[in-house]
């Protein structure tokens, strides 16, 4: 497995971030429910500005639910998620995006009643600094020329690209990505990885939920391991190789 | 004079025009219904009741407050729309996530309540509402006598329909609404205030029905039952045009008005079935309606 | 010794589409009759029970049966809605109790649907169509156009009027049967306008009738020299149309509140309680209940056949009818009146709506027994 | 019996105790119905039974097949007309008249089903509504129905040629027998291999296709069966009340049966029966109450949609299940 | 047995969507008893090809043969009945039925115990054991009573597989069976596919190259609707076209 030694640039950023006073996002004791069932039992983690942090864990560990809790599409939540000083749990769901948070959902969330172009242009750009449509096409050439196709008629992988692409337009500088490589061909995974590194270099902060460890390791700074609705471990990317055994145990390999 | 199946051409032309006018009425009603279905995923059985309320509001404003026709035409839809907003906030809002059977039943119940209430308070007999003096009389078109008021109806309703169509199809609003029916949580996550948008949409569409009611008051008996007799036909229009297709609803409404008018001329006994026959045929040939987005 | 109350039932439409033709008005009328009678008959207290049949025949039938069988109801009144009237009169026959119809107009009630236990009291389709047609023919308007609601009731009105027109060498130059759901009649107005007819007769009732008259006014039928006639018009219909729209229309009625001092006296009392003057249904409800109670008193029993016999043999003389009599087919025969709707200028009050054109004697107004298909009539 | 709902009946076998409770409950209801005429006016009970059967039959398509039919009045009212006509004009004996009505409803159901079954959701509802409206207009205009007057004085005849149905008690037990027969058929259908496939179709039609089954066929069978049983209910009602009327073919009747089903609890066997009793009882009570009936019925719709979405019986069951360990 | 007769054969299969050609002139032979993988970049037409083979979509032109029989005109349900069964790329379960019930419905369909509306549902008990076994084989034994809707994404995939297996198909078409699964499940599922693959034919779309190389006897690579390579894993991964179009730099 290839390793990606941190570049000088990103090393400096990590150091800068570490120096910064408060983390960009600080999640404390987050609990969440689906109806009656209690799914998250006190999640704690933080993300500093410019960092890429992954959440990993077995199926059903609560990774998706954690992201959903942050943007407010889960029914009942408790705890605190302090983002830029505000508690996300107390922000009206439709105002979360306006804080510059972008979300790429697990099941992609492409709207079938909208065309590809409409899907792409859908999320309002709440902040400056978003990518232009052509730039996005450059990143994902598959989407080019499909403007008037209904969104869900795209292939699985193309829908994934569309889901990522549309967030890049909004100028969000904090992105929650739920398994972006699922169903994506290896070449394109590499491209997405490259794109994410570019975004990171531009100062974007990312939470990444991933099953593909190899991919995660190629861009992340730190990894949080979730199990049964709790954060059970934190491993920095540098220490990943050294801790592979421990990690495999968590993941049940 | 030339005849077509025994009907003089002049009479036929007149019938076509009248059909078109009726169609523009249907358009006003089915437009709102189509938007509510397409965007909110609600089968709004109360649409007829709101239409009726529009008529009643017009009558009340006239008889109790002495408001003139033009003021009424603006105030009545606003009142109905406001009531619609309340209904959406209090009830419908909680039903978006469950099977749309429930919103159908809810609106069915609301229709019964409104109809029952008005009948209880104002009686089953209708209320008189005269044609405004500025619009009485008619124009002789040569082939027919066209009452002024009917001419005004077609102008007013088409203008409103087209304005609505532009507002929804030519702006991002339409995309927001359509997406919100599919996945409201996600749309919200993109920073759009979905609940507000839905309330406003419902209120607006119901307001359109109220507008139609106020427009109809001088033509038809303003009575508690006036809504339930048109609602089924308007539903058929929406189904034929393709649920959720706004332009489709308008065009279909006009076409059906004409078809109905022609049946009234050639075989009046079948005129109320005509719409349903067309509907069954269309659904068999093009299941999702003539103008629906889905193939 | 038997102090069990005598109960009279009012089975009517309180909340539905016919509630202005019956409903509260009919209930009040029957209650007034009971009060005026003294609240007692045969030394037994009188009670009025009321039910809203919601225009559902099976609600009406089960209520009627329950009333007759286990609630001691001896007579049921009003019975608006022809389907219900036809069904409940059968129940009355089965149970051997009495049913008096004031709401419904179907002349089948004294024709093929007649029973020895039922009375059709205030009006019927035959008398209404007949009165109006005769009068207009008399005025020389022999060319007719019918706008008919496509159901049994409309057909009956049209058929009866057509008969009169034909018998008098008149001509029917056109007839449209529109489905009862129709709310827009403009298409038919064009046809009526294009026809050479002098009279445009509306054979329908309720909303569909009102909408037809509204379009007639809108399309200026009267202005183009045609006479609009309603074959079944209630005072409340005229009121809800407004005189502006309805003026000039010819119609036949069994009762008008402003006819004479007696009617005005009753109407005043009625209006105090209901908020509007009584129409032919209300007046009939009162008059028939009174007649029934007098017959019970005279017969000394509530036994249906004995009371029916008494009612048949006693002529009715009150504010509603002069020398009214009940025939063996159950038809109460009395004078009918042809009215014309006043113009707004002629009217002096909200309910000052009709002016008398002529009076038709009872024997001319109703279907002669010789034409009856009622099995009770021995021709 | 195992349980009355589809979903839970698919679960592995329940404990014996649960079954006995279910059986006891049913026995109790049966006993109640047998003794009921002693306390309650039989014609009123007959009405409840007819509507209970109608709602239960309707529930077969709504609750179990997930098809919202907005045209069931056509079967109920259509069969009533045919039965009334058969008994009155053709003078057929009771059994044959009822059979004629039921068969008519079944055929009509097959026809409606064939036209509508490929469409989903609201389209299905609207097509069934449109088709039923045609039946309604035909009933208004065809001479044999008597238009808005309806058909009256329908003879009740004799059961098996011997028992005089003019006796209200005899009539009641006959209708009770018919209703139980109908309910048993529904119960068996729902709790059969066929019923399981039906509920799978309701859940995910595409997946059922990929399992090698043709969903349309199952839905069509269920729809036809439901139409036939609705017709059976209408036929019994026509005989018991000795009339057939337009009310039974209006779209309001189609709406009312939805209310009954929903009010009681859709997708349960007892639910529609409870719902029918409530609606019929309410109608009966309100008719003499002087309250505005339409308004109150509407209010009931609203309250029940907002507060008891599972229906009275469904809520009760959920409550019981929650309280169980 | 790479030389056994083809059980499925596609001849010049083409499908276009209003001008856009998703599958272009594809010739494909799947030999009986093999595990055959279909790979290719996103949008290459893999799922479309699947849909064509199972007739969830109709081809614009071309021919499909199953055991030398032309099935191009058959209905999807009939094809499934012949023994050609698919799973879906986006999970397709019966959401309100438990996992156990999900599988049992499939067993029932397979046993043709579906029309009998007069029979008692007790007849279905005979499927319980088999359903439990299947669930166990995909690692869902402890979730048997959970409603499918409440399973996490990965577990839904496993359930999907179990349901498909319940039909005991001769040919199994799996569309990205591993997508969304965690490492732990991937291993188990791969083992499972290998074991059910014995005596059956499996056609599989998968982006996880580890799994593909591990499982498949033969691989077809599609790109923009066309076949660009076919052969063993070693063969295709050596192909520079394939590397460029699909695998990228990091695989070898």
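Residue numbering begins at 1 within each chain, and the chains themselves are lettered A, B, C, D and E in the order written.
Rule of thumb we're sticking to: contacts are C-beta pairs under 8 Å (C-beta built on N, C-alpha and C of every residue); 3 or more make two chains touch, one makes a residue touch a chain.
Given the structure is predicted, the values throughout are model-derived calculations rather than measurements.
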Touching chain B and also chain D, the following chains: C
Label-sorted list of chains bordering both chain D and chain E is none
State the pair with the higher C-beta contact count; candidates are A-B and B-C. B-C
Just grab the chain with the largest centre-to-centre distance to chain D, centres being mean Cα coordinates. A
For chain A paired with chain E, centre-to-centre distance based on mean C-alpha positions, whole Å: 30
When the centre of a chain is set as the mean of its C-alpha atoms, what distance in Å lies between chain A and chain C? 77
Taking each chain's mean CA coordinate, chain C and chain D are separated, in whole Å, by 37
Multi-chain contact sites of chain A, meaning residues that touch two or more partners: none
For chain B, residues that touch 2 or more chains besides their own: 116, 119-120, 269, 272-273
In chain E, which residues are in touch with two or more of the other chains? none
Full set of chain pairs in contact is A-B, A-E, B-C, B-D, C-D, D-E
Sort out for me which residues of chain E touch chain A in the complex. 17, 20, 39-48, 89-90, 150-155, 176, 179-185, 187, 207, 209, 244-251
Chain D - residues contacting chain E, complex: 2, 7, 9-13, 188-189, 191-197, 199-200, 203-204, 206-214, 218, 221, 225
Would you pull the chain E residues touching chain D in the complex into a rising list? 54, 56, 75-81, 85-86, 88, 92-98, 100-101, 104-106, 108-110, 113-121, 123-125, 128, 145, 163, 167
Residues of chain D defined as touching chain B within the complex: 62, 68, 115, 118-119, 121-123, 125-127, 129-131, 133-134, 137, 141, 251, 255, 258-259, 262, 292-302, 304-306, 309
So in the complex, the part of chain B that touches chain A is made up of which residues? 172, 175-176, 178-179, 181-183, 185-186, 188-194, 244, 293
